[in-house]
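Scroll down for the structure; my scribbles are underneath it.
Chain lettering (A, B, C, D and E) follows the sequence in which the chains are written, and residue indices restart at 1 in each chain.
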């Protein structure tokens, strides 16, 4: 398992300010110092609407709930849009590393080639005491080039001011089939794009064994790239991110049975992934259950549980 | 009923300048100090045309009329586009808190996916002595992401200069059915979006019990979210705005019988809403009747009348 | 008839620089001090081409011709695009108030939803010694929101530097029928939009009695708004511009018989309009006839002729 | 023939820096002091491709060739895109006035409504020692308003820094028929647009007697505008440029027999045109022939040859 | 063979900073001082995806691999997108001249008229210690004018700060047939465009003898431009780049048999080309083979091998 000092060494082009903030995340919480991370993201209110996000566990309507959950569970960081962060940044100042999601998307309009709105800035992140910014790109969308250009502009400014850049790379849009969005070739490609765009931390969905593009399929077959198991696929994605020189974490997607989640966590761990970003599976249940659930996940990552 | 000090405490990420202006609105007028607000908005001349707006009560063609109406009736604030505010800001300087509507839309062109023009600036608001800016977004429109990005830019600048940000969140556009524009799921979502975009005060229309989106309907049913009565729906919308940690007010829509309006005010009050923004029902009748009408509304909010 | 001091009092949000320039226009020329204005606009070369504009009176090809015509006839101001103003601003410096048209449109391409090009700036207006800028909007065009946003940006800068803002509000585009472009409801709405956008002086075409929009027709009928005569229609438009608190002037349109023009001037005067902006009817005839023609118009406005 | 001092007097709104550069062009070369100009433009490599432009005379592939040709032939100025100017500006510094073409278009994509790319800046022109910038507009294209707005921005900056503004006004696009592109009404209109946009020097193609627009045809007939001969048409175009108060020059178009070119030069001279801009006819033949050819043209302009 | 001092003399409009960086590239590595260059470009991860690029030689997933390959093989420079450069710029600081690719394109969305995202900046290039920037244009795409305008902006800034500008000119898009993308007329035109846009170094693909455009075919035939052999075509392209006054290098395209590559290198050398930019043929094989392969190429360029 990578030591924090080694992880920091991969980011030789960044200033000490950014390394300090990256170190803060890596040293914080239950997994602090392990080189693994669990991040609590709560942008579902914006992305899917408040009732779909919080009605299953009504205390979660309150922005303080998520701050407390991230703190109590010992997450490495808490990521949310502007409004949610503003609503507690003073009360919980210094208690948990914060990541400001600086772009967001809602589902009150349905488009074939989605984009995101720019809903936060580097200045916002700094005034709220965040350690970094989060930015979503949609490889596969006709709008993707605009998003790549935007994240470059954001990342350049963020790095100048010592912030960490986290890219949510979510393949989506008319360039891809539904299965293709989580296909192994597409996921690995999307993760690589985020790395090339300058991300310090890359977040992708767990990939399936589906291969979407013909030109890629030929290579996966000819080179016998092992992608049959989830562990292998995680390993491949990590390799595609500068051969492991970038922190790659995986998101949980919609709520699934806990055992399945735990199996996924083991696959991430065993494949050399650096952790998870777990939203709905965390906050859509009563807090005690959430804490229990996150504790199990962290134990798996920490190697305290197989 | 929330005490003003408590309301201000919800905005811990804002500077004292913004809190001062928010406090000015909350302390002004007939409802000053009660934690409830009634705002007079007069953007209908721009939005629907002058004759449709003012012919029913011709003195209302005069911009001074609305300043005086807001002052005499004891409204907490008066909101209008640039021209209307410029036409009286010197004469009535200091007499009523002002909100500059910084974007507007007209109906001389009919589009399926509306946007708004940027018709005012933070600098305008400051030079006119305003306490805040008002911005409309149209969730449901193909243009919505542009509006979300714009309000972010405006809000960031406004907060830097100590202004209050009020977002009119009006679902509209080809992403929604006509009924869907005021559906409870859509209204709650739209209010939540405004909160996430950094609004201090959120203005939405009173929601119907219609549920627009299939994915939302499942949750409303499964979680038994009570939305049968208007009071319940107001309570749900307030909950969706950071569990009550944001000021949500409701607009009156087209002229309806007074008794119906008063019933709606009671529902807002009983559901935990923070007040009303009432345009056409106020100024489209002779001034004495308006004052009487607004007085009744304020009595209901103040708890002086059931 | 409004006294100049009173007119200036309507612009309480403007700085003394702007009031000085507005006063210069109101005090200049044959109608100086009367509160009425006649402005000579010569943008037809750009808008319709040079031959269509100047061949009927070839000396008018010369930009100096129009400066001299405006000066000799005693117009309150001369308005033209950049090139025409640059071609005489030094020679006639100080002889007549100048308005720089900062956007323009040509007819070498025919579009359903017109826009304008930005062909001048506030800096241009200042370096040429202008008292103000002129800007055209096309309510009814799919491009209108862009124009509204642009004029706001221009107007904000112009006001900061003490210039007067004149808006040409010309309904046009696929949102309107041909008759609708000059319909009374549309004209009144267009004038109101200009006022809300911050214009000091509003220029519209003389309206017909046609009512374009159904929602408006209902109000015109229910409220018995008198629009049968041109005088009544002028009065209605003036009322729709902040109840007479904004200077509204009317344009002449294509060349028509002089008697008809004089009747229109009387209607403008009797309806409370503030004057005329007369291009083609002025310069498309020999200078002596123009001077005679404009003299008659000014006499009507001055009340020296019925 | 206009004296240089008189020509400069037409530009009373420009600063001495711009007049100095304009004077430099008018005083330079074989026609220096005559009030006439011949400019060598070499943007055909960009516009049509290098082989089509230079293969007929291979030494012309070398950017130094054109500098030398302009110098040896005694042209008033040499105009080219960024790359060509950069490739010799140091070697030939001070030997010939330079005009930087700041926008350009290629034909590797064929569009109905062309635009141009912005390929140079005012700063580029200044660092290369140019006397002015050249900008192409396409009246008749759906993209024309963008080009008008761009040239305004460029011209404003150029004038601030003492540069001359040359506008290539080339009607083109879906708003015009093929014949219409060089029709007399369209050419005259296009030249007038350039003048209104603030050009010091206007370049148009030699017009045909075709009249494109119905509204224009009526005027050309009713006013008996003489356009039967090329001389008359040149005179009309010059008249349409502020009655001769702007320098209008004409381009040669594709290679034609020399006698025809010389006849055209006589027509330009006799019609009051100020000169020519001659590219392909100059450099697409061996240098000695070019020099001979240009010498004849200059003799005609200088009145040394009928 | 051109001496370095002579090459630098072609760039007389550039500042000493840019000449210094150009000299650094020309003096670096195995071919240093010869006037020839071999550059290692590794943007295929972004352009085609990581598995297609690196699975054939898995150590190449690691960004350090490419730094080392460029250093060990003695390449003149190493070019890559932001992420790849950031991942080693500190470790290998000063060991090899770096070129930051500032725009990039991926294939997760397939478009008829491609564009590129802006993924790096001049500031990025400076903070990473690069000698220059690389920019791709797609002549033939409907988006090309935007790319031309962007590269101008980038190039102007890069030159101000002493960086070298390398343009990848890759014809592509609906304006061209598939064969046309590498046709000799199109390739020569594309190279010339890059030169006119201000490139110091121009990169094109090796052209075929296909002639795409009718207007060009006539000239190629009439002027008997020799393009039958690859050597002739290289010579023609170099001629089209300011008659040899710009450095033109050629890219290798997809992996082909080594002997074919070596023949191409000879053709480039014999045609007066300045070198190669070789990606996939270099890094998609085991390192020892790559070094052998590149050594042979450099020997051919150095004239040590026929």
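Definition applied: a contact is a pair of C-beta atoms (placed from the backbone, for glycine too) under 8 Å apart; a residue touches a chain by one contact, two chains touch by 3 or more.
Computed from a predicted model, the values in this text were never measured in an experiment.
Path length between chain A and chain C in the chain contact graph, taken as the least number of steps between touching chains: 2. A turn of 145° superposes the CA atoms of chain C on those of chain E, with the angle given to the nearest 5.
Separating the CA-averaged centres of chain A and chain D is a span of 58 Å.
Centroids built from CA atoms put chain E at 36 Å from chain D.
Shared contact sites, meaning residues of chain C that touch two or more other chains, are absent.
Circular chain order, beginning with chain A and continuing to chain E, reads A, E, D, C, B (contacts as defined at the top). Across the interface of their complex, chain D is touched by residues 45-46, 48-52, 54-56, 58-59, 61-63, 65, 81-91, 104-111, 115-121, 123-124, 127-128 of chain C. Residues of chain E touching chain D in their complex: 10-14, 139-142, 144-149, 152-153, 156, 171, 173-176, 185-186, 188-190, 192-193, 195-199, 213, 215-216, 219-220, 223, 225, 236, 239-240, 242-243, 245-246.
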